[in-house]
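Below are two complexes that have chain A in common, paired first with chain B and then with chain C.
Take a look at the complex of A and B:
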């Protein structure tokens, strides 16, 4: 039995008259690791900050642990949440250790041994002022600070954007360990699809302010296929209007189609229409992402 | 040799063209000097006051901003890689100081030749040396301040000297002894250039710059801490109580004294210039002005409450109450500070009590008005330039009205009217801002982020956010 930790109900959000989120609805169950994908400006940060109450939705509701975020006040609920913002919010004059001590004072529970271990693994110099840390080191420190109180629900806004490949790998392993250790839920946005593939068990993809994809990673990869018709084969109107067809293009003389929900019925339909046996090609997550944005 | 000189000139050009702060400074200083020049055509009383204010701006503004520009330049790693870049940067600054003073002198002489030559006893050499010492030592001290806290307190010595030397007749010993002024100036520059011989990295200049970067409320100082976690996160380490004390000392005492010191330069033109009550009035006005500007810098606290949202118990309304408690404590402390100054002035020189009462009232109302005005601008995320222009307009309007009021003796009604209007506006703004705080999108209005090269230092970044 899993609990719903986050509910988005038809959430709209815009800035200066420009709509960024155009009616997003979703639910997150405890223990899920969700990767949030989208191109630059798609609204990933807006979505995360709206979920956390930093921005208030223009319409719709966002609930964390069953409480609307705009009236979130209970300290015990707030302390179940961890957040790594896209731009770190460290105090430049403080060393990492001082900043961690400062943040720790807010929480009743603080796992300092965990942070010491992670600082060593991530190679974060804790006795250096934040102003003298590199961008990557600051990002690592931000991640540490967000994990110190061992939150149940962790939000990370492009946490690996400035990390080197080694640090990225270590960070992802840490995420996997955290999920394995306890019943934690993670929602993180990223541009690096391969990272998401390694960690996430569910994918959200935002495009044009809408949640275009909300599916388990395996299911998404299983059901999304690309089919290349033989040269000269015509694409009938039935296929063109098929609702699961997300992209159709012509490469040289062949028609290339991408379907979001491939099943036996569609296989038969295509076979009839093209007088041949279609050979569906399953796509990687990165390919799916690219196909959706063509 | 030519190449070295060329580099210095290039650095001077770089100061004036590349850095926005310096561009604005140069433009305002040139405008002030042009006003000085034009005022030569005016009647004597107008020329006298106007040219003092204009030249005060022309000298004082570069003095405040050049140090910050220097730190930004030498802290830029790409520039630091140029051989002896810090030398050329310092020499470029020296050249800038020399040009400023020479230009000012030229304006004075030219304006004097037009109308007032017969009435003045200007000694160009004395004026040049003293002005140059004034500007260059100010620039140098501002440069060192970022590294040494003691420098800020030491800096107070100079305006204090300028104000009290004539009273204590110290100047009498130096008058006619211009080489002493020249030696003092050269000595200061030599000491500074000697200090520059050490590589910037070893000297820790880059580190100091990172701390300096913020502007008045966010990073001028690197000492002290706020012991309570919510306060530290919201106000930042740089805004600790100890730092606030330093702000007060430097900006509400030091700056006004510096302006008064500038006015004492007028005595080189006319020994009977500026009576003590006039100088006290100038000091009080500047003190109010600086206090209000510092109060306005608290607008950043409102934005930094974002950092408390997921950590501090309570709703947005509770956060606003916490924020406002901090603001009100600050305003009350400022008012008490004004009361102490007023009492001290009354006890020592028996200054008009009515004006001192008005000063204390304004010491409470003006910072409140400017605080809520600045928070309003930040909360509505106005573009940086519009924020700066609007804030300067508000400050300018208030200052101009107060100057007008203080220049004439029977001004109680006018000052009361100003105080009443300012209170009303502050209360209205407070209501608007409190409502806005409950709906604000923190993702659209983030705390100012200071870059590691120093940002726009010099006290303006709290409003421009550049």
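Take a look at the complex of A and C:
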């Protein structure tokens, strides 16, 4: 039932001799909602643009629906993909309605009633020139435009950065509704971890040019734990060299450890080594993000 | 109906499973009661629909919910409200353990802790 809609195979991309993506491999199945995280400059936008074929990879391949993206002029692909760039591409002198009409001409299929409904839900005035719209309204308008041809695969680069909490919630609910409706696949980058935590079923985290995390969100939360030892308790070398220990620090008298793959065996090991019962604390995605960047 | 906190360390599906289990065990959800649809609950809480269906499927596999094509999920006839007091107490055990550990860390006496628990219960019953 599920099809692979996107395949990245050892993708490298750099600019002016500086490597940004250093060998990224991943697959996306239809129906997934993937949240893309990474600090500023980690390469989120570069990854999205390389996937979309706006930038060609220096090495490796990207395929969308089984077609390599360096041949994205393939008309059939265009109709199946939607993209909301970080900086909108609206034309200042055009009203939203005029701009939508312009874009609609490039597509065989266009769902104007959907856009009219969403414009109302998002509270976007369509008869005002883009130059007169606020940053948030422009962002909402460019999201609308990208949905007109009802793409199966939607890429959004920081879609909610300029939206207020109310508009963000509405936008997320619309996104959920679109996903629930059919086999739509969404890949979006964001700094608002709490939003991603709601709607994504899978998390990608880019760090140092690699996908440091590519995991189902539930699984990531279940296996990542923080353990604080009682004051004074020593950390043995066995624990110190445990391969799933991603961070060790001392806060006051206590050792604080973060493990990436916690399980019963590691629980037993730690219990034996410290003569106590470890109390694993499960972390929110934001805390996991912070721990991975310490 | 449910209280979901997506920004906690507990996966959302688990929160939902635990709440439905408790509500069935406590007879707040009775045999035959309908649950909201996956889409309804997903949109309402702005969470991924797969998360909700995962929770529903687990509860179905446990025999707590019944699924009929094209109809809402319902609380199963066989298990609803039949859990023994002992079984329900067992479900409460992790919360009690946590309370006991916290009270110990705070160096509160047993009497003071029990008093606080009783007050909280009275408040809840009002």
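The criterion applied here is as follows: the second predicted complex is superposed on the first by the 294 of 294 C-alpha atoms of A that agree within 3 Å, B and C clash if a C-alpha of one lies under 4 Å from a C-alpha of the other, contacts with A are read in each partner's own complex, and residues count from 1 in each chain.
Definition applied: contacts are C-beta pairs under 8 Å (C-beta built on N, C-alpha and C of every residue); 3 or more make two chains touch, one makes a residue touch a chain.
Here the structure is a predicted model, which means the values were calculated and not measured.
Overlaying the two complexes via chain A leaves chain B and chain C side by side, clear of any clash.
When the two structures are aligned on the shared chain, A:116 is found in touch with neither chain B nor chain C.
In the superposition on chain A, A:214 makes contact with neither chain B nor chain C.
By the touch criterion stated above, A:94 is placed in contact with chain B alone, chain C being left untouched. Contacts of A:285 after superposition: chain C is touched, whereas chain B is not reached. In the superposition on chain A, contact of A:56 is made with chain B only, not with chain C. Of the two partner chains placed around the shared chain by superposition, chain C is the only one that A:201 touches, whereas chain B remains out of contact. When the two structures are aligned on the shared chain, A:78 is found in touch with chain B, with no touch to chain C.
Contact with chain B, but none with chain C, is seen for A:131 once the two complexes are overlaid on the shared chain. Minimum Cα separation between chain B and chain C in the superposed model: 27 Å.
In the superposition on the C-alpha atoms of chain A, no part of chain A is touched by chain B in one complex and by chain C in the other. Residue ranges on chain C touching chain A, taken from their complex, read 6-14, 38-39, 42-43, 45-51, 54, 101.
Interface residues of chain B, counted against chain A in their complex, comprise 207, 210-211, 213, 219, 222, 229-230, 232-233, 236-238, 306-307, 309-316, 318, 439, 441-444, 446-447, 449-450, 452. On the side of chain A, the complex with chain C involves touching residues 31, 33, 169, 172-173, 176-177, 179-180, 194, 197-201, 217-218, 221-222, 279, 281-287.
Remark: chain A residues 15, 45-46, 49, 52-56, 70-75, 78-79, 81, 83, 87, 89, 91-94, 102-103, 105-107, 129, 131-132 touch chain B in the complex.
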